[in-house]
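In the two assemblies presented below, chain A is common to both, partnered first by chain B and then by chain C.
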Partner chain A sequence: MMSAEKKHMALAICTGCDIGNCIDADKLTDAVREAFDGISCISHKSLCSEAGLEELRKFTREKGVDRLGVAACSPRVKTAEFSMDGIYVDRINLREQLAWVMEPGEEDTQMCAEDQTRMVLAKLDTIKENTPYLPEQVYSDVLVVGGGIAGVSAALEGAAAGYRVHLVEKSDRLGGYAGRIYKTPYNEIDLSARTSEVMSHPGVEVHLETSIESISGEPGNFFVAIRNSDSATLKVGSVVTATGWKPYDPDKLSALGYASPRVKTLEEFEQSVQVEQPPDRVLFVLCAGSRDENHLSYCSSYCCGAALKQALYIREKNPGAEVYIVYRDIRTAGFQEEFYKLVQADDAIFMTKGVIKSVSDLGNEVEVVVGESLLDEQITLVADLVVLATGMVPNTTSDLKLQYRLGEGLPELEYEFSDSHFICFPYETRRTGVYAAGTVRAPMDMEMSQEDGAGAMMKAIQCIECVKRGEAVHPRAGDMSYPELYMERCTDCKRCTEECPFGSYDETDKGTPLPNPARCRRCGICVGSCPERIISFSDFSINSVSAMIKAVHVPDEFKEKPRVLVFVCENDAYPALDAAGVHRLRYSPFVRIIPVRCLGSVNKVWISDALSHGYDGILQIGCKPGDDYQCHFIHGSELTEQRGENLQETLETMMLEPERIQTRFVEITDHHEIQEIINDYVEELELIGPNPFKDM
Partner chain B sequence: MGIIKPDIKFKRELGRLSGSQLNQCMQCGNCSAVCSLAPAERPFPGKEMVWSGWGLKEKLIGNVDIWLCHQCGDCSSYCPRDVKPADVISAIRHQTYLHYARPRFLGKLVSSPAWLPVAIAIPVVVIMAILSLAGTFKIPEGPVDYSAFFPHGLLNSTFSAITLFFYLLASFGIVRFWKDMKRLTPPGEAGMKKFPIARVLGEILSHSNFSGCGSQQLRKIAHMSLFFGFGLLILVTLYAIWATITHNYPLPFTNPFKIAGNVASLMIYSGLGIMVFQRLMNRSVFGKSSYSDWLLLAAIGLLTLSGTLVELARFGNWSVAYHLYFFHLVAVWFVIMYLPFTKMGHIFYRTTALLYARSIGRK
Partner chain C sequence: MVLIERLNYLGGNVSRFNNYFPKLCPPACGLEINYSRIRSNPRISYHTGASVESICGSDGDFRVKISVEPRLINNNCTSCGLCAEVCPEERPQKLGRKAGEKAAYINNGLAFPMKYCIDPLVCKREACGKCLEVCDYDAIQLNASPAEVELQVGKIIVATGWILYDAARIENYRYQEEPDVVTNLEFERMLAACTREKTKLTRPSDGKTPRRIAFVQCAGSRDVNHLPYCSAVCCSTSLKHALTLESEYPDIHAEIFYIDMRLSGRNEKLLKQAEGKERIALTKGKVGRIVQGEGEANLVLEVEDISKGFRREDAFDMVVLAMGLTPNHVAAGLKVNKYGFYLPEQRAGIIPAASCKRPMDVSSAVKDATACALKAMQR
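So, the complex of A and B:
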């Protein structure tokens, strides 16, 4: 028998929302009292109502409760109502995952409710007091890398919010790509005003002609070694990287005639038009190498507008000139459409849809054959100059020189942009405290880059403030726990350092992990990875989950009552289970559910604990892995698959059927699949037969 | 198509005549989709709009599809960019009269207000020359007798000679037009049918293409009134000419031809009335009315009105009767002589184009 005396543990049962009709609350209370000596219990027909909450508060005050189990609805709802100062509250989901999915009044349902309640109370009984990770010093300065339009915008926003900004630019001037543009007629960005503002702003220190030697440390404590005429180390709390883009390599576009001196790129023409008179006939090829599987398969979104703008340059500098524009689609999104109409008003600018078949330099002019045009199936246009509208390619982020074992730059995701992964917000990258802004993370125009800089700076500031409070930044925003390592037992096996998706762990030459808790996203993958079981969170530890597993009463007779342990990922799978409840999709009452931070956080020892405790099978339900990154922690689900293969080998050596352990992946919208997944699995298990370790 | 050389002058002229910003066309093809007369294969006026935007004169003049359009205005009403394809097509038709006009100056003469005095002066001078030849400069006394003043024989033969000469010149243009149509829209594999004259005549008489055009019943009625009124007047005039030769002239009011002439006038008045009213009141549907549109309406209006007045003056013995008759003659000469070079030329061009279109199976 466990004792609840010291911890003042209590249970509150709500009998509203069908729970009271489904189970016998008094019997549940008796079962709990039997398991936990001296536990205080209360029951109410509507616990979340004003009266119910008032009664609950009075009860916790009088009993001096500091750990409370609330057996009611899903923890995903009524969170604020059941949060109480000074009390660690956990929830027993008797509504969405019991009353709404299991047969009311049945013995099996009652047993499930009792087990689920005992599991949560066992966890409450086991978990430790949380001491948040609070570094001695948290720096509030922000490093902005790249002095282009996004970087300048980030610096100004940060300084305006009262944070000191270090703006590091590798060239000798601010403005970046946008600073070399001849004219920007269709946006209202006064770049030179903004660059001079940032130069003279007392809150911004601009470092020109400066490169980064290294960035080490963690959010709140990044140490940035920079070098210009001499070297220095900046201490910053977070980083905005706005290193911009470069044009797609036109040498790859020989099919569009780039080798000829009469064929230029948008970038080249932007420069040459400032110093020389444009010729009489200029032809623009839009989507030059863009939206093309052989080159860039995406749309860079700026080229149409830029080409239209350059058409106006030609008309302005050479009023007798004619401009031909061959497009696949004119993509002038948002307010750029007004600019498109303005350009259209010039009747010496001729446009047609078409596909470039050939570009031939005839010596004094260029002949361009266009197929699939609106004018005819195939036409030939003759021009003195051809301008290729090439797309954007992100600049490398390895200039950041991050001292992470995962590499010096940010991971390059789809099309090599350093964007956040599918499930995250814009600006977030896979390195906590490092935020991407502007064209380094996605193709965009000047106005969007300016907004992007501001947005990324807001995230950078949020990061610093979270670190100051000892909270996780995202996606588990506000989580005060963090992985703690019992180093005495560490064998330097490097699994945690290798498997952490965010590079939280540095390591010594020997391979000993050096945790950086502020880099951590609190996924618990390291908890799952550690064969020595030395990594734990205060409320999510090897012991707490083992205690939950062992709190279940496993009946001896399999035929009547098999038991299935279900590890459910809190991010997508758990909400899917809740949604199955909302849709009243019935499933087996033999399941015992344990929510986990990520399927990757499931440690092998829990599996063997469960099997030796007599469970007949273990089902793991996680988020869909794959290219669209449903998994909130990048590769938690994939790790589970890899580990699962090892696990099944282990089962075979134990003379157990490998099918006893199965893993399923669902998306958050897959609630309709839950019923089938659980019931099919239970059926399969009945065929396999009882766990032979049950009676041992 | 070979090398494309945009003709910006032609593009600007179409823009000016149609009052449309040709470049605002985003080439969506909505105009072709809503047109109830456009053939399913290579429909109009979408492609013509693109060609117009590039000033491709050689593809537009001699383009048969321009004449399949009966100007209902659906394309203009449904254009999402506020371009007026119907007016652009109409402007191309106007450019067609100019293009095939031989001698060229005749086309110019009737297409710009600046040349209008000269255009009027030509029939005036010729008629006055005939009068001076006949020596009848003094207005006769007594009851009005037009034959006493106007040498009908000389007038009619001169008029017929000049008109036939002009029409002969115009026929060369029509032949070139036919060749151009054949080059730009060659017959398909099925080849060409024998002239489907009966079919085209049926289409013209029944105005069936107007019925295909949206729901503009009133336009159909107006054009029918004008068409049959004008045709009837030509018949009556031919009879009158014959009558002058057989000395039955002038005709009494009760003469069936006289009655028919008056009925025809009424038809023309009502047709013209509807057309003018619609052009003035319903600009969004009927589009921009150009100089040539108004010139035609005015000329036919004045021709008919002066004819009616001449008739009344004879029976009322008005003192201005001979002046009115002179005016009427000028109006008749103006309309008939210049017919192939004005908007009236559509009688020839559209008929020819319909013949070609139907013979290659385009409908």
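So, the complex of A and C:
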């Protein structure tokens, strides 16, 4: 850690990998010495080599350096080499984002290198010592909500790893839906063995017939008020929510004849078959409500397997029975295919692709008209019982009663499932420390629910351990900084509490924000949102970025050297810029790049700082927004778009062309587009002409 | 955690994918986050080019011998690229591989580790030595020999993944004879190369842009002569391919021949999207065989069109076989099921994870790997 009293800044320049051929390192050193009094500088032809690092270590030791700018390659490479104990190191990317993309030996390239270096050093000059957020007490118990197959699995796996688990179930028994079925389908899971194991496990406290009154606090310190015969408060570090699913409401399926007593749902049949003999003719209607824009537009995944299973045990219980299955596609993925084969091999089970035209109760039997079948345009089938394979609807997670201003449950995403939306990070929900598992997260079968319970528990444990170390959990795993608020200047405008995508901020009745740092993902969207500019991280603040902006030397308008400030999202756009370098895709040397945690963290004041400092334009490059957003912080890019509209108005009041500020969205693989975006923008800007505020 | 990877780069098959379903987003985005977690986490180390030689001991106390193949370029590498620039040897042409890729190469611009390596099968070593002359960082070690590393670990997670079923074994589809019959994995890499290099999609035989591409579902899967199980991801994959073509290649028509369209959960929307597109056709029917035709569209598919009830013969200029997945068997001595996938339960302390246990998509693999990490924490 840096010491509070003394502060000695230094710059190390690497001239290897084309940097030395591209720019004049001595001139760069001179420019830096001129801007920063007393700074120590060193340069080496291969800074990352053992000899280079040895020299660098000696240099920093002798000079007592506590913050160091390394002007070399991208921070995405040689990360370990340039990490030094007790020194805050930041990198100036003179390789991927300069030497590999700009004309060597040109004045403009040299100016860019000098600016970019001054920018990082100016930032280093402002950063404060970081004291990680370490709550006095971090609880290691985990709360599991829901005693179905996913919840039971989460509890057992967590307890086996040595974490105490509270398993809360609202009904009087464990097992959930899976616990009530007559026979498990293809995969044999001994649920009753699992539930009795969890009941007697010393590491699991089971709370039956228990509801949650409220959950308040933050990861590491959640306070859970529960109520059964009496009330109690549990103190836990994190939460797994496995509240399961319910069948799609069959009353909405009157077109499939549900009003008739001879028409049942899969679940109803599963219960009735345990007490009565199945009739001689049973017809299954698959996708009853699923894959249907008017009902559930997704596939419920479990129903094909469940219906096939029921067909088989009808035949077992009543060998004289005939079974019809009307399907759209039979979806028995993976090894379940074998189970499908078994059903196909049974001569008394008839399967046909088709669309149900009508279901009519004739008094003693049901007539089903099937269209678009493979046999004929239209066929009519008669059965004693019709079973509708109704789909899976997630239960609400608002039973969690989270005391968050953004709502009591996890946000429900597409089709109302509490998923994470990220393919690569299925558990990284929008509430840090609260992880969804099983069918509340996505339609899935029993085997997958069991695995899902274990996965979510892992994430819950990881969260607790991260909080203990003062680290962010995800996606910026290991980040020890967190937002701090200078409350004296807060105007209770509620911008931060409203815009935080993760509900990090609670608020008082007056609207004063109450931060919960352990909920925070460190995206900095609150930094971007605050009109009073009172929110800052130790190394990312209004001051640090303003200092970077002002460190750039802006030539007067007659020099015809426009300056473009580029805010680049660290997550996808920055690596894409690096890849443009790897591919040696040339772009304009007029850009000055500032990486940001998320585009949403860009504060309006930086834009006006830049315009009054004489920059001609500002380009913001971030991750894709929209339904299939790729923004790692949910709606950072979207916020940028919204704020952009306000900014353009501000520009107009300043009598500036709104086109001077533009926002572009890229994917991480868009290195070719990055080149186009930058060059096209600089070209457009040259047409608009210089910023009239230059030299004012 | 010590990560042992057989190839020279992390990320496996996925690192060479063009995009994921259902969001059609690039895998490099999530990989980058994971790589940066590895870069900054001192509790994780990794070895590339590494394979397990032997495992002894038992649960809680395993000793693992690994052999690490040299990259021929050591850790001094700064990824400056000079070695590749001067390297006179080219790696053999392969679908999805950059044309003229040198013996000294890097996976792609977002590879991890961001270091070059040398293909030992192509490099002429000291007989050439051009890279030695230009490397300023003493990074080239053309005579490096494999290193033996011994690790002491408590648990072992096996995440050896999947490989495609051998397309040549489905003789009716003429994969070996016809250069324009490619597997879905090859097609994926071709699309990835187009994105990376910003080039047009061309067919392998004559470099022309294909007009009509057929996707043959269940190539190997759900077939008693090949793989009796369903490979679970190929329907989503082909729809993803068709939708990618539809949005990025306005001249190409795609037709998917299937038995059942198997999309689970929200992947259903891929089907919904495809159904509304003019340049995507979906036909229920299994492709019997592929025969040689005349002219440019010279791949004739014989299909039983089940919904229309007749036999159809139709010509395409390129065919993508939606191949089934099989386990990538590199860990000998593990218990397998009748299809050859690893059983979840092995001897204590050994935990198979993800697609070596059953065919699954990326999200399920991440999910299962997370669960397996928890099992590895249990005593």
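As a working rule, the second predicted complex is superposed on the first by the 684 of 696 C-alpha atoms of A that agree within 3 Å, B and C clash if a C-alpha of one lies under 4 Å from a C-alpha of the other, contacts with A are read in each partner's own complex, and residues count from 1 in each chain.
The rule is simple: contacts are C-beta pairs under 8 Å (C-beta built on N, C-alpha and C of every residue); 3 or more make two chains touch, one makes a residue touch a chain.
Because the structure is predicted, anything quoted here is derived from the model rather than measured.
Peer 1: If we overlay the two complexes on their shared chain A, which of chain B and chain C does A:565 touch? Say first, second, both or neither.
Peer 2: Neither partner.
Peer 1: According to the contact criterion defined above, which of chain B and chain C contacts more residues of chain A?
Peer 2: Touching more residues of chain A than the other partner does is C.
Peer 1: Answer with first, second, both or neither: which of chain B and chain C does A:374 touch in the superposed model?
Peer 2: Touch partners of A:374: chain B and chain C.
Peer 1: Contact-wise, after the overlay, does A:12 reach chain B, chain C, both or neither (first, second, both, neither)?
Peer 2: neither
Peer 1: Contact-wise, after the overlay, does A:385 reach chain B, chain C, both or neither (first, second, both, neither)?
Peer 2: neither
Peer 1: With the two structures laid over each other on chain A, which partner does A:335 touch: chain B (first), chain C (second), both, or neither?
Peer 2: The second partner, chain C, only.
Peer 1: Considering only the contact definition stated at the top, list the common interface residues of chain A for chain B and chain C.
Peer 2: On chain A, the overlap between the chain B and chain C contacts is residues 330, 341, 353, 374.
Peer 1: Quick check: in the complex, which residue numbers of chain A touch chain B?
Peer 2: Residues of chain A touching chain B: 322, 324, 330, 341, 344-353, 374-382.
Peer 1: Note which residues of chain B are touching chain A in the complex, please.
Peer 2: Those in contact with chain A are residues 1-6, 8, 11-12, 15, 21-24, 26-27, 47, 50-51, 53-54, 56.
Peer 1: Which stretch or stretches of chain A touch chain C in the complex?
Peer 2: That would be residues 16-18, 45-46, 48-49, 73, 76-80, 157-158, 160-162, 291, 297-301, 329-338, 341, 353, 372, 374, 414-415, 417, 422-427, 442-444, 448, 451-452, 454-455, 457-459, 461, 475, 477-478, 571-572, 575, 578-579, 582-583, 623-624, 628, 630, 632, 667-669, 671-672 of chain A.
Peer 1: In the complex of these two chains, what residues of chain C are touching chain A?
Peer 2: Within the complex, chain C touches chain A at residues 20, 23-34, 36-37, 39-41, 76, 78-81, 106, 108-110, 114, 136-138, 195-196, 198, 222, 228-232, 260-269, 272, 284, 306-307, 309, 337, 339, 358-360, 362-364, 366-368, 370-371, 373-375, 377-379.
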